[in-house]
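Once you scroll down, you'll see the structures, which are given as structure tokens.
Common to both upcoming complexes is subunit A, partnered first by subunit B, then by subunit C.
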Partner chain A sequence: MAMSHSTPMEAKSLRQKLALRGIDGVTLLVLPSVIFVLAIFIYPFFYGLMLSFSPMREGGMFANYAAFFSDPYLYNTIGATLRLAIPVTILSVAFAVPVAMRVRLMKRQRLLTTILVLPITLGTVLVAQGMLNYLGPQGWFSRTLMLIGLVDSPVKLTNNYWGVFLSLVVTVFPFTFLLTLSYVTGIDPALEKAAATHGASSWQRFRHVMLPLLVPGLAIAFCLTFVQAFAVFPSAVLLGAPSGPTRVISIAAAQAAFEQYDFTMASAIAMIMGVVQLCIVLIVLVVRNLFYRGATSGGKG
Partner chain B sequence: MQLASMPFNEIRLDRMSRAFGALNALREITLSIRKGEFIALLGPSGCGKSTALNCIAGLLSTTGGGIYIDDKRIDQFKPEDRGFGMVFQNYALFPHMSVRKNIGFGLKMRGRPQSEIDIKVEEAIALVRLQGHADKLPGQLSGGQQQRVAIARAIVIEPPLVLMDEPLSNLDAKLRLEMRAEIRRIHNQMKATTIYVTHDQDEALSLADRIVVLRDGVIRQVGTPHELYEKPAHLDVAEFMGFRNRFAGKVISREGDRATVSAGSFSVSGTVVGALQPGASAVLAVRPDDVMLAEQASGGVPVTVDTIEYRGREYVGIARTGDGVEIVFHADRAPAQGGAVALSIDPARALIFGA
Partner chain C sequence: MIRDTSIGAKLWITAVWAVTIFFVLNVLAIIATVIVSSLGTRWLGTWLPNAFTFNWYASAWREFQLGPVLFVTFQIAFTVVALSGLLGVTAAYAMARRDFPGKRLIMLLFLLPLLVPPITFGIPLATVLYQFNVGGTFWGVVLANLVPTVPFVILVMIPFIEQIDPKVEAAARVFGAGTFKLFVYVLMPMLIPGILAALLLVLVRTVAMFELTFLTAGPTSQTLVVSLYYAVFASGVRAVQSIDAMAVIYMVSTLVWLLVALRFVNPTQIVARGNQSSAAH
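Coming up: the complex of A and B.
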């Protein structure tokens, strides 16, 4: 603290003043990323926002939004997307927790993690294409079921809701799992030991110790998974019924942009999509705030 | 099935062993602990003391032998079914629960009625003197307070056995002394059977009814603090008990349990531990407090004083013999640094071990 004794009379140079606020030469290193974010994210966002307010149709600046919310073929896409994204997200998170709880105790974590992460690297289109063959009427899945005699005719799992649902789970699960695993392994193992020695069964340990400490992390995992699932596009087209129950909101936006060449309408739909996502994320974060959100270790390290 | 509050007479380890692959961390530990006894497991790091504690808690499985409460064998029980209380080195308090909820955790898991939990938790809070902190989260407490919560959480379930894993090692020196007295007070009041793991002989001496010294997974000696302090059975136990000065040499004469060891340029008399005949190689060990400045230069070991430190009531010096053997000694006056003096060693307090 000896340095702070300099009298106010001593003028500090600009460099010193900036350094006191944590700004120095190294700070300049953030410039490239700031420029990148401005050019690739902030500017296009505001450009799109403005575009959505200058419609090609009659009816003033809100005409695109009015058109969206007066046409059931358009506004029903919100419900269709939510009906896919929310169950997929809940299922992924619900699956990820027990798997992560088990994997954290395993010695060959890396092998299993690699297998689980493969779908991410393959991309949604490849997964969707593969599942189209595998789950299709002539695919192995139906043929095996028929061979065993469980069903008489092929199970319909493509070109409908369930096809999209399954392929979404496959593509988002690894991501959810990896996030969840990092939260689960972040909890001090001594806490579970303490719970066990004080009489908690494995379910009680999960319910009273692990779960409450996991909730904040799971909320984040839920939000990120949900945002991914909400933007579903390739699998909804390839595996779903793109004009029926899996007509998701991104299909509506794509049609506006590339079939009707109305970029202002497409921008408006994209904005609506963003607002819906934001609402869900906010709800989840508000709920998260009701829980404990502090350290996940049980004392001094 | 719960063992808590069960009346019993003793807890017995019968040739309890634990191997990690080819490494034997614990070898046939046999010990019986009476109800109400405070046992300290003392040893250097890596001696197996924490492994032993974890085996008793059920957090590690044993690879041989058994653990019994009276005649009931419990080593196959899961930790939650043993009903013991445990205090962890880093406290392991549940960070999302208030002090009250942390302390009541064990009772809640046992499905006790809330009214009973409330009463017992209040009693435990009073016992560890945390009134006024009951609704805080662990993160809002100091290290010493957190450790009090951990102790209260372990004893509130009235377990047949409380396990403590170096509970004071994360505290600073002053707080450590305070908490040591606190643990002693709580033990005197509750009479909970306790196994306390530590590498600090002061803690073991001041807290325990009996000390078990472990080394390389084997029990080296079991005894009361007094027995271990006065009559360590092995050189390594003696080292733990503060016998800092050690002279390696040969036994030159023996009379009864008194013998003389020649260590290079000088010879010292001491008390033989075990059977040593003249000619055997031996190590004589003595505490710094039992090495004093000799009244006459002729009677003692001639040395040169290296350093001298003032410790308030007395001086502690480090000196060197002609052939470079270091001796730590206590003195009531300060000899000149670099000066030649003679040190006398009390033969009744110097112990001779076989080497």
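Coming up: the complex of A and C.
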């Protein structure tokens, strides 16, 4: 804004030119935030990228990446993370759709959505601590299963794969569900009513009217859910077996940074993590494009 | 709405509700175990503890030095709230009112920190912060927490500002109000509910933000959730009820703000606002 008060003649014409393109004092208000995001988000990313190519170990600029992909203790973390993230994502999306289709018809959704927003708000650390009690050998979950006679001895659900899996479901499903609900309620109900008037059954209405309209939103929900699940960290340490089957990639990155103090290696692992996430997101978006893509929801909800 | 009354449809509806209720019951039970355990004297091999007591809260408060930790937590959270409000609301105003070249690119720039998970960008960020000697300090934690909260405030506020009639502002301009006066006397009063909701959610997010704080905090800048993580990590050192008491204190310090925030926003908007506006553009 300081610029706009310079010499009257010259400044006015320039100011008018800029104003015509939509740039004036008000537009400049966006600058502090842009500079902030560039400095604290974009710059560290490129800094990390550069750092990952200047390793502390011997072997040229790709030494960190070579070390990662030659050590099974490191490269297996990708598989371990995918084995957690992909099933959780598919499960969450698969359950979110039918539940959202029912909940959208509910008059009083507020209580349900409030309960579901609790695990998101409380975060993974608290859920992990609660689940250590709840799913533990003396916890209510095993007790209930034994009471109704499903099992004879307590089921082992902590300090292994299933503990992390279940804690991911608890924190990730509400997120997917609320996202899906916002897409489902955004679809014009008149479209479904029209299909019903023409005699379509509820399955036909879902398959041929709702689903095609939902696919773009579901693809985004899938990507966001996957990216969250792939970044699993505290629950993999607290509820899983952090040196065994739930040694996920973020544990490897955190160990490189805070136990070996090799920030170049930690940055390299963070970059690999980003690339894997990007690959899955790209695959999902390509698959989405194979589906119907036209005017979505008859008008934005 | 159209009703389908065939037996298959009824079975399907029942199954969907059964799964939903099962999920909700488990979520509530997870939270309830923490509360019950924190209030129990001894809880081994029974449905409920033998007797109830409040003593664990006093011992947790002492053992984990929760006084200083809570003070630091809210100091960090309120600093983040103030700064992200200042940066976010002004930027949202510009984004809502002006069309300028590169606007889509800037929108993408604001979306990225919300879409990339904290642990992925947190490690390079922590490296840079330690390089500039702010890693491990109060301001390091504040800066790291601002990365997702500034874009969050922007994305929540854009639709709020868009729905205010520009004629009101034009009228204020005609009567000679500058941009600053316009903000303080005309826009602020109308935007207060939106700003309040956005900032309360920022408060909740910052108190509950584990990854970024964990990566950038030092011994004097730990927030409650990071202390809770270390306590659970080293469980066996302290009584589990004591850790649970700390977890309950953490829960209360988060949920109070959530409940206030929910008076202004719908739970769906907590996850969907930002993403919906991105899908619409």
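What we mean here is this: the second predicted complex is superposed on the first by the 279 of 301 C-alpha atoms of A that agree within 3 Å, B and C clash if a C-alpha of one lies under 4 Å from a C-alpha of the other, contacts with A are read in each partner's own complex, and residues count from 1 in each chain.
Everything that follows uses one rule, which is that a residue touches a chain if its C-beta (ideal position, glycine included) is under 8 Å from a C-beta of that chain, and two chains touch if they have at least 3 such contacts.
All values reported here derive from a predicted model rather than from experimental measurement.
With both structures placed on the common chain, the touch criterion links A:201 to subunit B and to subunit C. Contacts of A:128 after superposition: subunit C is touched, whereas subunit B is not reached.
When subunit A is checked against subunit B and against subunit C, the one touching more of its residues turns out to be C.
Legend: residue contacts after superposition of the two complexes on their common chain; A:48 is shown touching subunit C, with no touch to subunit B. By the document's definition of touching, neither partner reaches A:161: not subunit B, not subunit C. When both complexes are overlaid on chain A, the residue A:193 reaches subunit B and subunit C alike. In the superposed model, A:115 lies in contact with subunit C only, and not with subunit B.
In the superposed pair of complexes, A:226 makes contact with neither subunit B nor subunit C.
By the touch criterion defined above, A:209 lies against subunit B but remains apart from subunit C after alignment on the C-alpha atoms of chain A.
The residues of subunit A shared by its contacts with subunit B and with subunit C are 193, 196, 201, 300.
Touching subunit A in their complex are the following residues of subunit C: 1-2, 4, 9, 12-13, 16-17, 19-20, 23-24, 26-31, 33-34, 37, 43-45, 47, 87-88, 90-91, 93-95, 97-101, 106, 109-110, 112-113, 115-121, 123-128, 130-131, 143-144, 146-147, 150-151, 154, 179, 204, 208-211, 214-215, 225, 228-229, 232-233, 235, 240, 243-244, 247, 250-251, 254-255, 258, 262, 266-272, 275-276, 279-280. Looking at the complex, you find that subunit A touches subunit C at residues 1, 21-30, 32-34, 36-38, 40-45, 47-49, 51, 95, 98-99, 101-103, 105, 110, 112-134, 138-141, 143, 170, 173-175, 178-179, 181-182, 185-186, 189, 192-193, 196, 201-202, 205, 216-217, 220, 224, 227-228, 230-231, 233-234, 237-238, 250, 253-254, 257, 263, 266-267, 269-270, 273-274, 277, 300. On the subunit B side of its complex with subunit A, the touching residues are 2, 4, 57-59, 78-80, 82-86, 88, 90-96, 105-106, 108-110, 137-139, 143, 146, 150, 153-154, 157, 163, 170. Per the touch definition, subunit A reaches subunit B in the complex via residues 188, 190-191, 193-201, 204, 208-209, 212-213, 291-292, 294-301.
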